[in-house]
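So the structure is just underneath, and the comments pick up after that.
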């Protein structure tokens, strides 16, 4: 039923560019949607768009990440809409730029909610997200954070869903793995901001819990690219591993590591899934946890086609967040309820296990996802060990 | 409605802050790019006091005002010793130092991840827990601040400050103490910034170092430039326009990839254009 | 060993910072404009080099092109913005604000063309290293050190020995007098800004070769450079250069003693100490 | 040391700027109720003496006494309160303020010249403000600028600005006025106006120490002349006596002839 609503050229485009696994994925989704569409036909699939919000730092110092996240959202929406939308209704995200500032985020939040009546808002970065969280609680608007991993986000609001595990979860897995391969001492190089410092604290806790010892900690400021003095200082105490928590600048770091050839192994989290680092010979041998982002190659190709850039980590995460929320909205519609924040909230918990591009389980407000240990070799990530969800 | 409220609340907070900046930059002519740091100290003081249940909102706001008064005097003092451009560097440095302190003094500020869950304000037991109540509170304080600014500008003190900007030597020759006048102006500007910070903290219930960084100081400067120096009308119009600007600019349909930075660049264009073609701003006097 | 390596690293970054400082000093002591947008020119140089490298040109071409384009940009800023402001009798504060605005324009223009991400260069020589008795330097670092150390005496020679340099110094010491003796200060200002901008393009491109480009990092770099200019004594190129070296070395070495998040603090502390005890700077004669 | 009879006395003042000896053991004293002109070639140290007396400049050596009280090492604002006020050669008026405000800015003892008074006792402040403005208006009338009271200074003619400088220094209430070239750049009516004004002020009891280049003006207004050369007092006497001295004329006009 729903398929017939789709303009044929969308179908043509998707089939032409997607090879097998994606087609299966997309067709699977479409089939699912079609099924739900049937169920929800009484709901008048009139094709009026479902409007959601996206509040991201599109300018300012955090914009480099914000723009990647926006690409992810746009890609997710285009995929959903290409497959017929949600129960026949296309998704539409209204974007607001908060410049990474909490106050602008609050204005944008109120604007989207009170003027546009959106029930759900995608957000980014812990500052703005934490600033919006009390409003989300008060107004029962679902806030979806697909990028920030600060631990405090886990309990900030019953309406705040984190579609990515908090950093603590990843780091616990990393520490466990490091202990299992006999790494005893570690240095930490972290960005002196919210994500970096909470990552540092998580790592200290987790690594000490498995019997490791932290022997150096060096902060760098956001946007700093000269890591040499810090690296030299860390190298002088000869740790087994160096835990790195940076959100940008992995390219220069890889350069400088390559030039220095230190004895320690570089370890980190999903942040390492950054093409700038991957394609740098300096990143050879780096170990990192990976919130599973096995985007089917065809999806990645479609992404590349759409934006002319590789699918970055953030792109995948935010596209996945769109897929998860589309499912939840679909469920709300299928129950014949109006699309409100409260209903979406309930739907997320009633679905709990989302078998989308990157499967996620919501027992709490923060997704549990499979976390893998990967190693970078010759410009590719190689799976070292899997830690299934749980 | 809430959208309009949140705009009005922030705009009125920035009016108070704009008055503070206008007093220093526009009236006395001290180039300061560290007013956001003082704003931040006010916000953190109130945030810390309320979060740790040390005192009520009103005493906390008073404390913030006092702390900011003292600090602003201290950071403005170099302007007495070092002239013009040296002070620009001092001011930049103070702003960067303040950001480093907000980010790293975890025990007080919550560090880089900020201070979340600041309780809402209460006025002697009356909770200020809705947008409307907050708007009434901030608007009242902003009106008070405007009234104070007007009183000052029409008083001999205001005239003394204006004279100070034009010629410190002549002020001294007229038998006035330059040092004392500057300290008093800085103190007053500090009180304004501290109160604005306190209101900001309770309204957003979340503060973090990014709100009080160099960009924020530049934004404050933009408000003064846009509104115009030294007039009350300018100090009100500037913040109202600048706070609305991101919202207005988002109406322009630019390709998403550039829209972002382009919008930010427009602040710069505004600064340059106003200085070239309208140094008196929308409704002020020449800066 | 660590100490030595940190010291050498400090000297490398310090030599680059030194050229930024003397270029700023040259522009400032002549035009008396606190040219904050100089940070934008510095950033622009990196992006010019980056764009050329991506289009296949060798890095040396990138460096030269960056100098040329920055020189033009600097001259335009003087003739189209600062000169007009002077004509309109804008206050010192107004000029400063305009400069700050221009900086925002340049940074965001670059961010919108090239994205705000850190973009690394790809050329192979960047990764090659050389070791001298335990101290390892990359070829880019060596190039930076050598070129910047060479530019410094050239700039001294230029201001002291050439006719143009003497003219500039004359205008700097008294623009009014220069005007009546037909030295035409506004024309000299344009030339000075062009030269200063070409100079700042050298570290702008070299640092970019090493660390990649990003749009917003120039502000802090320029602030550090201005601290060197002031602490070294306004008008003294040698003072500015040596102070920049000193600040950079101290920043590197301070890591051994205190944690890195306070390195801004260290720089600024140096400044405060100078302001309190030697406000005229280290190298000025009374 | 200083006798109570001397009005203003300057003792062995010395000041060096780098290689230039601006004041070299300069000593003189003057009586009250007179116009005393300070003359001498450019660079003789006239303005430096002004700066030193009014506390704008720290002396290397020497002292200043006013009515027997030492003024050395005291800040400018205290010296104004002690009764000596000055004008500047380059005027230093507040261009963005009105003529009236310029004068008002120098009137002493105003309430509300600090924030607490201005904010918390606004009515009192306003009353004091009215009084100040009346005083200022009176002074403007006295110098003949009453009709320009509300004009912005930058819109006044040069002659009017010169008069305004005198009005502002009068407003301080000081009894000894140090006027730095009050007539330079003036001619005809404007010049005449200033000379008449200075004489009238003297007759009202305001002593004046005036830096003056124009010999015709000196002859017309001066009760006494101090001749300065290379930071040193060369001669002191009546205008006629000084003008008649060929050696001084040689120094004064030497460069020109």
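Labels for the chains are A, B, C and D, by order of writing; each one numbers its residues from 1.
Methods note: contacts are C-beta pairs under 8 Å (C-beta built on N, C-alpha and C of every residue); 3 or more make two chains touch, one makes a residue touch a chain.
No experiment lies behind these values; they were computed from the predicted model shown.
The chains that touch both subunit A and subunit C are B. Note: the chain lying farthest from subunit A is D, by mean C-alpha position.
At the centre of the protein atoms shown, by the Cα-centroid criterion, sits B.
Look at where the CA atoms of subunit B average out and do the same for subunit D: the two points lie 42 Å apart. Centroids of subunit A and subunit D (each the mean of its C-alpha atoms) stand 74 Å apart.
Computed from the mean C-alpha positions, the centre of subunit C lies at a distance of 47 Å from the centre of subunit D. Subunit A and subunit B, compared by their mean Cα positions, are separated by 36 Å.
Annotation for subunit C: residues touching 2 or more other chains are 108, 111, 115-116, 261, 264.
In subunit A, the residues touching two or more other chains are 59, 63, 67, 192.
Within subunit B, contacts with two or more other chains are made by residues 103-104, 257, 260-261, 264, 286.
Going by the touch rule set out above, the chain pairs that meet are A-B, A-C, B-C, B-D.
Interface residues of subunit B, counted against subunit D in their complex, comprise 148, 151-152, 154-160, 162-163, 166-167, 169-177, 180-181, 184-185, 187-188, 285-286.
Taken in their complex, subunit D has these residues touching subunit B: 54, 56, 75-77, 80-81, 85-88, 92-97, 101, 104-106, 108, 110-115, 117-119, 122, 125-126, 128-129, 132, 168, 171-172.
Contacts from subunit C toward subunit B in the complex involve residues 28, 34, 81, 84-85, 88, 90-98, 100-109, 111-113, 115-116, 215, 219-220, 223, 226-227, 230, 261-262, 264-265, 267-268, 271-272, 275, 279.
Residues 1-2, 5-6, 9-10, 13, 108, 111, 115-120, 126-127, 129, 136, 138, 210-212, 214, 216-217, 251-252, 255-256, 259-261, 264 of subunit C touch subunit A in their complex. Looking at the complex, you find that subunit A touches subunit C at residues 59, 61, 63-64, 67, 192, 217-221, 223-226, 228-230, 232-233, 236, 248-249, 251-252, 255, 258-260, 276, 280-282.
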